[in-house]
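After this come two complexes, each holding chain A, first together with chain B and then together with chain C.
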Partner chain A sequence: MTGISESMSTINSLEELADKKTIIHQIHPRVKLILTLLYIVLVISYKPYDITGLTFYAFYPIILMVLGEIPFMPLFKRLLIALPFSFFAGLSNIFFDRQAAFFIGSLPITFGLISFFSIMLKTIFTVMAVLILIATTSMPKIAYQLLSFKLPQMIVEQIMLTYRYISVLLQEVSSMYTAYILRSPGAKGIKMQDMGVFVGQLLLRSFDRAENIYMAMKCRGYDGKFLYAKPQPMIKSDWMILLMTAGLLFLMRFFDLGLFIGNFVR
Partner chain B sequence: MHMADALVSPAVGGIMLAASAGAIAYSTYKCKDDLDEKKIPLMGVMGAVIFAGQMINFTIPGTGSSGHIGGGILLAALLGPYPAFLTLSAVLLIQALFFADGGLLALGANIWNMGFYACLLIYPLVFRPLVKKGITKGRLTLAAVLSVVLALQLGAFSVVVETLASGVTELPFTAFVALMQPIHLAIGLVEGLVTAGILLFVYNMRPELIEASAHNQKLKSDLPLKKVMASLLIFAVVVGGGLSLFASSNPDGLEWAMENVAGTAELESTGDVYDTAESVQSSTAFMPDYSLKSSEDGSAVGTSLSGVIGGGITLLLAAGTGALIYFVKKRKEKTA
Partner chain C sequence: MLEISDLSYSYPDGHQAIEKISLNLGAGESVALVGANGAGKSSFFKLIIGIAAASSGLIKIDELSVEKKTLKEVRQRVGMVFQNPDDQLFMTKVYDDVAFGPRNQLLSDSEVDEKVMAALEQLDILHLKDRMPHRLSGGEKRMIAIATVLCMDPELILFDEPSSFLDPKARRKVIQTLKKLTMTKLIATHDLDMALEVCDRVVILNKGKIFADGPVKEILYDEKLLLEANLELPLGLQKIN
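Now for the complex of A and B:
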């Protein structure tokens, strides 16, 4: 069951990364959340045939990843998950949009090819942006910010509780799966007709677990409301970073650096 | 089925975020009325169960392939529609953040496609009426299979509409639909059977769990549901209309400004004409039309050889900047 152990190690390694103390980690979570969303919106606002302007946006994730000391390996793993669907959506453009835009020598470059690269670049950039957010900001911090964005408390509690119990449940599924596979030699997975009992068993166990959790919470004074430590307020430097980075990102949208360099070189 | 950020446009992503936020707000409101505090930890654990459950691969007999559960209908049958919807939303957010399984801006679309239809539409309208007369093995199986299939069909169709409305892919509507719906019909049948198996097992062991949410607490008639639908529809139309207006006028403004700043004099005259034509066209039509393609290469001046060269150099420059910072940092650490 590679999927399970892999997701456990993904969560663990991302949590470890979020524990570092680089410049990027110390930026207020609200700033990072806003900038990430702004970056994604600006990147996907580019039209399918405009890739030269888009390339300018490579600076943001690359600089942040280096400053935040985020290794590149997790990025590739995430791209493996996100890329296939984008890849096929982009590939269809190559087939359906064969009008030539220009020629390199005698090689025609079609609009479809350009929009294919546009989709690939957008996928890579947006996946990088989310990775940077989660690798430099711990989940509780993000959850508190969601609370301050006036998200209902109930859904934020759900996010935190689910997040907390994912590793526990993954462990449980992993050991149940091992037990099943040990008893069924040569099986490549769980037989479909056994799935009902397998997941059903998991559900029943989890119901009992939830009951125990509830009682434990009750013993510690839970009355239907969670208590949160107040997140730190934004300081002057946070505001500076927010305004400057947001300003830069907006300016980048107006200036086509790729084309500028291209014209200059030629 | 998880959509990535690169496949939605800001307008479509924004509309779907607003619609899902509305559905979440309404579900929270409904839960506040009739949810006892005991259910809060249960929802959290169930979210984790669905998350872990999606990683269990099972083999599909007769084929070499394997599948996994989706979980919307399963959650709704165990927790009731509103708590299930909230739980699923939380799971989808965590998947987007930690696994790049679906984008952050596309989160609204994903919650809508995978959560809304299953939990808030199909469960109350299909699943619950089917098992209302009393739960039997046959009825539970029928309800589960039918609900999962319907929810997946709606979700897959939404993926098609959202992708095409975003104008990202050139795939024709009919081809896209012909690709998505049959695949998800097959997935739905398998997933529905597995969901039925799980629900039957749980029903045999602990019947009260499924009965509790099947004969729901306070949803007396269909009236509240109609209200939800109506208010959500109005909300989506108002927000969507506002957003798409904003979106259709704004990028054109950006394009226009970009042209001026980049100073592409020779294209300016044609670009302006095309731009106005395009802004008129895009503000009258909801879906972007592809017929004005030639106008876009007029405004998107980058589609030329120099554009490709420049774009490549820009990417290299960005990578170089990264490498430079990295080495400077390393050296500083060494000397420090």
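Now for the complex of A and C:
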């Protein structure tokens, strides 16, 4: 069960990074949330065959990671979880869209291959942006900002409690799996015939635990409004970072930087 | 301090868990709530802190009656330490877990820090403040669970089986801690030896009703009474006899 213990530590480690005091961590949570959402929208808005413009967006996660002193490996491990979904979603493009876009020597580069890379890049960039937001801003602060954007409290609470309960679920899996393996000599995992009962019991136990935890939270004044995470008002430097970064993101989206750099070099 | 009159509670399936209980606790009293499994101890606690709603009856914390609109204030005045500390500790760091209550009280950062440090120091667990709760031993978790409640300065603390799952040393530490706490304490427990040491009064619950209520040395020395309530003499007394 070391795998599950490691997973629990990994989940917590990202949140622990949010305690740092770097320049990025000190930016107002609202600014970081707006910029992350804007970044995601702009990245997604690229056409499937426009890779050149998209690659410039790598600057955002790279700069944030450097300035925020965020180690790459913890983020990369989480990124790997998301990649298979887009990998298989994009794979079909390679098979169905075989029209050549251009040739490298005699090797045809198809539109399908380009759109495959486009999907992969979009996934990497957007997931990294969200992970960096979590690694630089505590979850209650993010929740408070989401509420201040008038997102329904019920949805914000669902997000927060789901995040909180992941480790509860893992703890329950860990103890149930140990109990199962100890009474199943030679078994390398849970047998398919027992899987239904295992998952059903896991669900019921997790419900119980989650309910108890929710009660403990309520007993200590939790009301789902995250008022304690209310930050100081935005200061001049926050506004400047917001405007300059948003301006740069828009510039990259609507101005052909690749062509500009190409002309400049020529 | 705590005034309960004619309190009744039924589970959604209709089973009567608490039946017409009346009980008063004075300020600073330390009372053990004992009873066999299923006697209604946990339900009773849930009613006091407003997690469950009574079918009938009245609960008052001083002059404040426990009802939906007063729950916020009730929970500032009454704390509860859960039986399983894993249910109580849900943050990634001990410090944040202890700070959860004071932050919800909307105290300033410096006030929160002051309260957290004071609670951790009082329980002699300051060295654990940066640790992850799920990596700690059962005894350490229990002490932190107590700290999470203590730092909210409650007037009454409800302890649900505070000595369960603990090794002798950790149990001894919890007992010493309970003895030092001066606020009103209501302790649900099967550990009658602990009750004998920590409490001045014992209330026996049996099938949702108060079966006996009196000074600890009167109740816990009465073997016949304890047997009738499906309990037995504290182990320390059994050896003497």
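Following the convention adopted for this analysis, the second predicted complex is superposed on the first by the 186 of 266 C-alpha atoms of A that agree within 3 Å, B and C clash if a C-alpha of one lies under 4 Å from a C-alpha of the other, contacts with A are read in each partner's own complex, and residues count from 1 in each chain.
Please note the rule applied: a contact is a pair of C-beta atoms (placed from the backbone, for glycine too) under 8 Å apart; a residue touches a chain by one contact, two chains touch by 3 or more.
Because the structure is predicted, anything quoted here is derived from the model rather than measured.
Looking at the shared chain after the overlay, A:209 reaches both chain B and chain C.
In the superposition on chain A, A:179 makes contact with neither chain B nor chain C. Of the two partner chains placed around the shared chain by superposition, chain B is the only one that A:263 touches, whereas chain C remains out of contact. Of the two partner chains, chain B is the only one that A:36 touches; chain C does not reach it. By the touch criterion defined above, A:59 reaches chain B but does not reach chain C. When the two complexes are overlaid on their common chain A, residue A:23 makes contact with neither chain B nor chain C. In the superposed model, A:243 lies in contact with neither chain B nor chain C.
Contacts of A:217 after superposition: both chain B and chain C are touched.
When both complexes are overlaid on chain A, the residue A:164 reaches chain B and chain C alike.
Set against each other, chain B and chain C touch different numbers of residues in chain A, with B touching more. Applying the stated touch rule to the two superposed structures, the overlap between the chain B and chain C interfaces on chain A comprises residues 164, 168, 209, 213, 217, 222-223. Chain contact summary for the complex, chain A toward chain C: residues 8-9, 12, 15-16, 19, 164, 167-168, 171, 209, 212-213, 215-223, 227-229. Residue ranges of chain A in contact with chain B, taken from their complex: 1, 3-4, 7, 10-11, 14, 36-37, 40-41, 43-45, 47-56, 58-59, 62-63, 65-67, 78-79, 81-82, 85-86, 89-90, 92-93, 96-97, 99, 101-104, 109, 111-112, 114-115, 119-120, 122-123, 125-127, 129-131, 133-134, 139, 142, 152, 154-155, 157-166, 168-170, 172-173, 177, 187-204, 206-207, 209-211, 213-214, 217, 222-224, 253-266.
Residues 2-10, 13, 24-25, 28, 31-32, 37-38, 40-49, 51-53, 55-61, 66-67, 69, 78, 86-87, 89-91, 93-94, 96-101, 103-105, 163, 167-172, 190, 193-194, 196-202, 205-206, 209, 251, 254-255, 257-258, 261-262, 293, 296-297, 299-315, 317-319, 321-323, 325-326, 329 of chain B are the ones that touch chain A when the two sit in their complex. Contacts from chain C toward chain A in the complex involve residues 46, 49, 51, 72, 75-76, 79-80, 82, 84, 86-88, 90, 92-93, 100-101, 103-106, 132, 134, 148-149, 152.
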